[in-house]
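Common to both upcoming complexes is chain A, partnered first by chain B, then by chain C.
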Partner chain A sequence: MANHQQETGNPFAAPPRQEDRRASRERVLTLAFRLLTYAILACALSIFLGVVMRGAPVIFQAEAPFINTDFFTRLPETLVVYEDDQGEVRKLSATRFEEMRSANPGRRFSIVDSYSYSGGGILGPLVGTALLIAICMAISLSVGIASAIYLSEYSSKGRFMSTVRLAILNLAGVPSIVFGLFGLGLFCLAAPNLVPVDQIADRSLFSVPIPLTGAAVSFEGWGACMLAGGCTLAIMILPVIITAAEESLRAVPQGFREASLALGATRWQTIRKSVLPYAFPGMLTASILGITRVAGETAPIMFTAAVAHKDKLPWIGQDPDSSWAGRFLDFFFQSVQALPYHIYTVAAKIPQSEYNKDMQYGSVFVFMALVFFFAALSIWLRARIRRRLHW
Partner chain B sequence: MSSNNDQRPAIEVEHLDFAYGEKQVLSGIDMKIRPRQVTAFIGPSGCGKSTLLHTFNRLSDLVPSARICNGHIRVLGKDIHDPDVDPTQLRKKVGMVFQKYNPFPKSIYENVAFGIRVDTRPRGRLEIDEVVESSLRGAALWDEVKDRMHDSALSLSGGQQQRLCIARAIANKPEILLMDEPCAALDPGSTLRVEQLINELKEDYTIVIVTHNMNQATRVSDWTAFLYMGELIEYDRTMSLFQHPTEDRTRAYISGLFS
Partner chain C sequence: MQIVSEQKDKNKRVSGRFVAESRGFLGLTRADLIHYFFGGNASLAIFILLLICVFLFKEAAGFLPDHHRGLTKWRQSGQEFVDILNVAVDGHTRLGSSLNISYYAELNSSSKEEQAKLFASRAVLQRVKAALRGPSGRLRKLAAELEEVREDLADTEQDLAGGVLEPAKRALSEAELSGHRAMIAAIEARIVVIEARVVEGMEEALAGQEVWEGQQLEGADRQAVSEMVRGEFDGQVGTHPWVAELEQTVRTRKAERIPQLAGFKNASGNFRDAIKPMKTFIAPLREAASELKRQAIAAESAPKRKAALLAGAEATEDPEERARKLAQAEAVVVEEPDYDAGAEKYYSAVADFEASVAVLRTEIEAAVRALPEATELTDPSGRQNLARFRAGLPDYFDSLERAVARAKAWRHDKPYSWSRSFFAFLVGKDWITNSSWHDFYGLLPLFTGSLLISLIALVVSVPFALGAAIYVNQVASAREQNLIKPAIEFIQAIPSVVLGFFGIMVLGTLLRDVSQLPWLAWVPGFPLQERLNIINAGLLLAFMAVPTIFTLCEDALNNVPRAYTSGALALGATRMQTILRIIVPTALSGIIAAILLGFGRIIGETMVVLLVAGGKIQIPDFSKGIGVVGEAAHTMTGIIAQETGEVDRGSLHWRALFMVGLVLFSISLAVNWGAQIVLRRFQRHGT
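Up next is the complex of A and B:
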């Protein structure tokens, strides 16, 4: 280098050929890294665009009210493909088809084909997913925040605590299908349930009659139901909630705790008044992101809660003679439809044709829009609260 | 308060040995801290002066491995490690101001009212207003903040935030105020204000202040204790200690031979 400089007398001269080759290798590498990074973007965009281009036309329409209301207000039903008397092949959901047939008694329609679950709308799956998320978040937030408080504020370092942390970390790595099977075994088939003595199921592990009531606590599980699915999802998402909540708690300056304690607050007062409020934004963000993950899980609810077909919404058709508490329990002890499971059904379990594409892409589009909405909401909320609570 | 009580030391430390885990940080501390006086703890970093201060309100309990190996601390005549001592009640009587001013990210008003809000006895709005005002006056902050009581405490300057922390501490009507390098994070002007405030506060409170700054010790304190390697080397009236130190290590430290 020094030689080169002496020869030319120009300290800013371009380097000789050998160094030039090194520089071009550098450029090639940079380009390769850049292209690979762009490839990720391309994947995301192609998924996104593919779903939007095929899904948006299902949801939006040209005439008022501009949104396909049937898609959001009806339960999934059979899609009928028929040929009318003009010889044109059309499709309609079963109910609409019957309506039309009875409205036009003079005309002849011949059914060409029918596809299960591909007609109607996705109200059932939407409601079911919302309920599953609500149950899951209620359980996982209360348990998760409680254990995060314990881990961050009360526990002392030691071998036992590091084992606990390791367990939490491992829980996060368990495949979701394993959670699904675990939930099936624990909640659907073995959890204690209150049943009349004469109706104890054969599968009951054991049962303890409660004297004078005619009922018994039977370890026979709850069957496939919302509660079982919500609990399974809650266990699955717990590590995420605990880790995020603990991080949010640790991010609260130690000075707040010291100041609070030095002012005569008890430990719990300190946590409640001087730590939790400031950890709240982080926990909120984490839990909303948790919702988006839980919403998309199919495997954990496949055996524990979700069914492909349900001809009513959960709150319809409850026994009116039953007590308030009985109806409340019945509500949570029924199976539901769920959006991811519905997508799985219409995409993989029924014969494919051009006629059921609408239901497939429409469902996926709505689902992705919801997930985007929640993710954006969490980012917006965090920014908003951070502005108010900064230190 | 009777003259008998005035003579009683506010804090008495007796043969105190204190350790974090296996590491002994204080050994054989014996001292009496006079009421309604300012006592300064000086000494190089890591000499144990902060640790000693934190034992007076048992805030040292928070470090899981911290323990008293030997000796007693009596505050207002009561051994603070007796089983019938409630640390929260102790901390109401022994307030503390920290090195890094740490107001809560709440309003100025709510910061000062915090001690009342966590108290077991519920109090009315008027009473809280009154305590907040008198505490802010006590901390020489009232005139600066009286029109913006519901603004965030974090909108105040650093010096104001530290005086707010002092107001917050005296709202509990403590007997003793512990100050852990209260001016370390402040600029010279704010430091001066806090030092003036300390001179006013000693009319009503026993003040123990940890400081790195020997000039500050001479400016604000009546008594000075020099700690070195966890031991109390010398403890005397501030004037005597700085002018006629009896120990070589004290002399070396105050003349700046080591820090």
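Up next is the complex of A and C:
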């Protein structure tokens, strides 16, 4: 061994007989790592295929328009399992069943079973999720990008800075259900709300009457509503947005700033004209990444915004007599259905049977497709940015 | 370069504006205002973190005093005393069930195979029937209809035979008659069609694999069962000979066994009866404690009720109504019940308790002497359970001794210490809510569930994530990297509720079916009893944690200075030697931080454990060893998600849930903090 080393001057080299064994060990290890990697991908693929195989038939159909339009244009409703006079057991959503029953008065249908929320479509949850995402992103992007600008452009190493960074890091690790509890405590039960003086709730922490208006600012919270859910999600996603936006700001070369400042621009002018435009695509990616995270979250909206049952879309049924502002507030202060919560409801809260599988797999399929669409969009955008902007 | 020159042009155009700015708002320049605006946004992160603390504390704040008060009542009312006494009954029940299982396993051991076959045949029949539920129901309805029409027909025929009808009516009846006959024919035709459909469906089901799945019926047995099913659908009366024969065998074998096991049966019966006096002894005490507790709770809310009644009396105009309400308010008892008088009963019961424990002990010892030795039994399950019974007996006797000692030492007026009530939450073994006895808020079952699931998830995910990170970072070609990295990002995007759904629908059934394969019976915990259990949740969470750990590990590997790698390669090390001896050890602290952060992510995950862990609030039975992973459990995150929506705001239960949230929050902060420390060491090492 020692002789061999001296000859080649290579401390790792093995005598020729061991060379073979070493090479085969090398191959085995490489193969093991490769197997581990592809095992992960195989698991992902099997989950993906499992959902697609059961979900796609619910969404797509053989005849025109090739897509199950009911599934996207109706609210969730009760699913009726009935038996017609041919002895066939079929299923229909409650309204469709009534329509058919009144269209065929001569025939007899006997209801065998019914399942809540398993019929109709998922329009309500889709709209609710979209609204929650919109509110969440509006808040978290404005706050997040402003924070990122501070961290990247104004930062001077100091105690404040390190505290902020530590806070962001810790915020990123807080479990989503804790954000849910926090949102429940703050937005639903303690946030300031404008109410008539005689309707102040008992739970109000304190209230300040506004003279002459008959209204008061009462710290009694907003109840479970869209706005509370959106704010909770926004706070949850804030660390992700800040980190990603700061990264894209830092990716803009220092020379841009120096050149601008050297020409006499103020700091704000520099940021606005020479930094932000080049960091913008990166921030866009970050925000889309944020959407994928937010769309998938259930725990934070469970007590702050989501309900299982709602028989109308958010913009329908508003009081036409109330003022513009009143209607605006009514709109945001109502609870919504949300897709992840809908999936939770149909998967865990109602009795399981073969008949409500369609709703389950259909919802999951649409949800996965949505989330993957956003994920793919962010990956594609990032690749594009990398190609186009390099300096 | 191009961009910079463009910038120059722009700056030239606006250069006129670059003049000193006037002092604006509150003596701050515009630049200052912008600075503070951004700074304010950044400090929001700190502010939010503080707010989370404040609001969790605010809602959880009342928990400790309320919990303490509840536990004090538990002691004062004597419920604690009864719970101490009840140890004797609980332990006896546990032992008794082992003994019972052992006896019946032994009794059935000689005819095990036959019973399994019978059971399987019944299961198959059930499945076939379930598959044909629709047409069978329709057949039943048609038969009822047929019966009705036949009765009508008979009535009409009778009328006609009577022969006293007017001609017009007669014609009508005859028309009716033919109508009925046509209807009967139609119904009978439908019955024939549907019967054919039933038979067809049955044959189809029997020919398919689905109804046989998981049942150990092969060859001749399968044929016999098929025949039996067919007979059942043909409406044959009496049992199929195959079934009858099996049943007969089971009966005779059991009958042969019963006299052999008479001693065993007698002894286990004696054991069961031994507890009866103890139960009758405890029952009145339990009632008294319940009553005292009820009075105590009523007294607690009395001032509020009284105030409400008085306020109501103030508000009413009607003098009679007012008088009535005032009288009601007078009648409300505000005083606490007389605990001292109540406690006398308990103190005087201590001696009797000791005596009954002694009796119980001698009776049990006598019963146990008559029991066979575990080695005398033939059935493995019987042996195992009897051995468990014998092993548990000394512990039970010890617990009896301790119960007597505790009952002697118990004092109703001894103040319940604060630290004790705090630890009753932190390490309490029961989380029992909405009970008629006493609500316990002990974190331990939830914490163990969370921890166990997280550990399984880590053990499974770390090799995969680390292996993949090494592979992607060191071995894979650029093209592979471009495939794997986005794929893992996609995994990160899979919503947790979807994974939970997958766990319910697919993984749970898959795991259970796999665990029932006979050649896997040696695996501890197999076959799994339930679909939703710890291992199911652990595997799904492992899958969820892979992207987090992978990304952070890959970063850590990437941060290893290139010089290290080049140096190792230059010295002639092979690729794997470089990776395993140079790169991984250098990146080790980064990898540990990644694992820690992955752990933080897993323990805080809610939806998967809520859907898949099984929702049983109990400390998993660790006596099974690794087999514990087959049990259902509940977690801290799951309990918050499940119960927060349903409890009254401000109640003790509500506050307890916020306390759980606070514990979770602290865990996440601690994990983050640990990761920071580890990472800081890594940075020192790396540069």
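Going forward, the second predicted complex is superposed on the first by the 359 of 391 C-alpha atoms of A that agree within 3 Å, B and C clash if a C-alpha of one lies under 4 Å from a C-alpha of the other, contacts with A are read in each partner's own complex, and residues count from 1 in each chain.
The rule is simple: contacts are C-beta pairs under 8 Å (C-beta built on N, C-alpha and C of every residue); 3 or more make two chains touch, one makes a residue touch a chain.
Quantities reported herein were computed from a predicted structural model and do not represent experimental measurements.
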For this session: State whether A:P57 touches chain B only (first), chain C only (second), both chains, or neither.
Result: neither
Exercise. Between chain B (first) and chain C (second), which, if any, makes contact with A:S274: first, second, both or neither?
Worked result: both
Exercise. Between chain B (first) and chain C (second), which, if any, makes contact with A:L184: first, second, both or neither?
Worked result: second
Exercise. Touching A:S260 in the superposition: chain B (first), chain C (second), both, neither?
Worked result: both
Seminar exercise, completed: Counting residues of chain A touched by each of chain B and chain C, the higher count belongs to C
Problem set entry | Touching partner for A:P192 - first (chain B), second (chain C), both, neither | neither
Exercise. Which of the two partners, first being chain B and second being chain C, lies in contact with A:S156: first, second, both, or neither?
Worked result: first
Exercise. Considering each complex separately, which residues of chain A are in contact with chain B in the first and with chain C in the second?
Worked result: 255-256, 259-260, 263-266, 269, 273-274, 278, 391
Exercise. Within the complex, which stretch of chain A touches chain C?
Worked result: 8, 10-13, 22, 25-26, 29-30, 32-34, 36-37, 39-41, 43-44, 47, 50-51, 83, 87-89, 110, 112, 143, 146-147, 149-151, 153-154, 160, 163-164, 166-171, 173-182, 184-186, 189-190, 203, 235, 238-239, 242, 255-256, 259-260, 263-269, 273-274, 278, 292-293, 295-299, 302-303, 340, 343-344, 347-348, 360, 364, 367-368, 371-372, 374-376, 379, 391
Problem set entry | Touch list for chain B against partner chain A, complex | 57, 59, 62, 64, 88-89, 91-92, 95-96, 98, 100, 102-105, 114-115, 117-119, 154, 165, 168-169, 172
For this session: State the interface residues of chain C toward chain A in the complex, per the touch definition above.
Result: 3-4, 7-8, 10-11, 14-15, 18, 21, 30-31, 34-35, 37-39, 41-46, 48-49, 51-52, 55-56, 58-59, 133-135, 137-139, 141, 190, 194, 197, 463-465, 467-468, 470-472, 475-476, 484, 486-491, 493-502, 504-506, 543, 546, 550, 571-577, 580, 597, 600-601, 603-607, 610-611, 637, 640-641, 644-645, 649, 657-658, 661, 664-665, 668-669, 671-673, 676
Seminar exercise, completed: In the complex, chain A touches chain B at residues 156-157, 253, 255-266, 269, 273-274, 278, 389-391
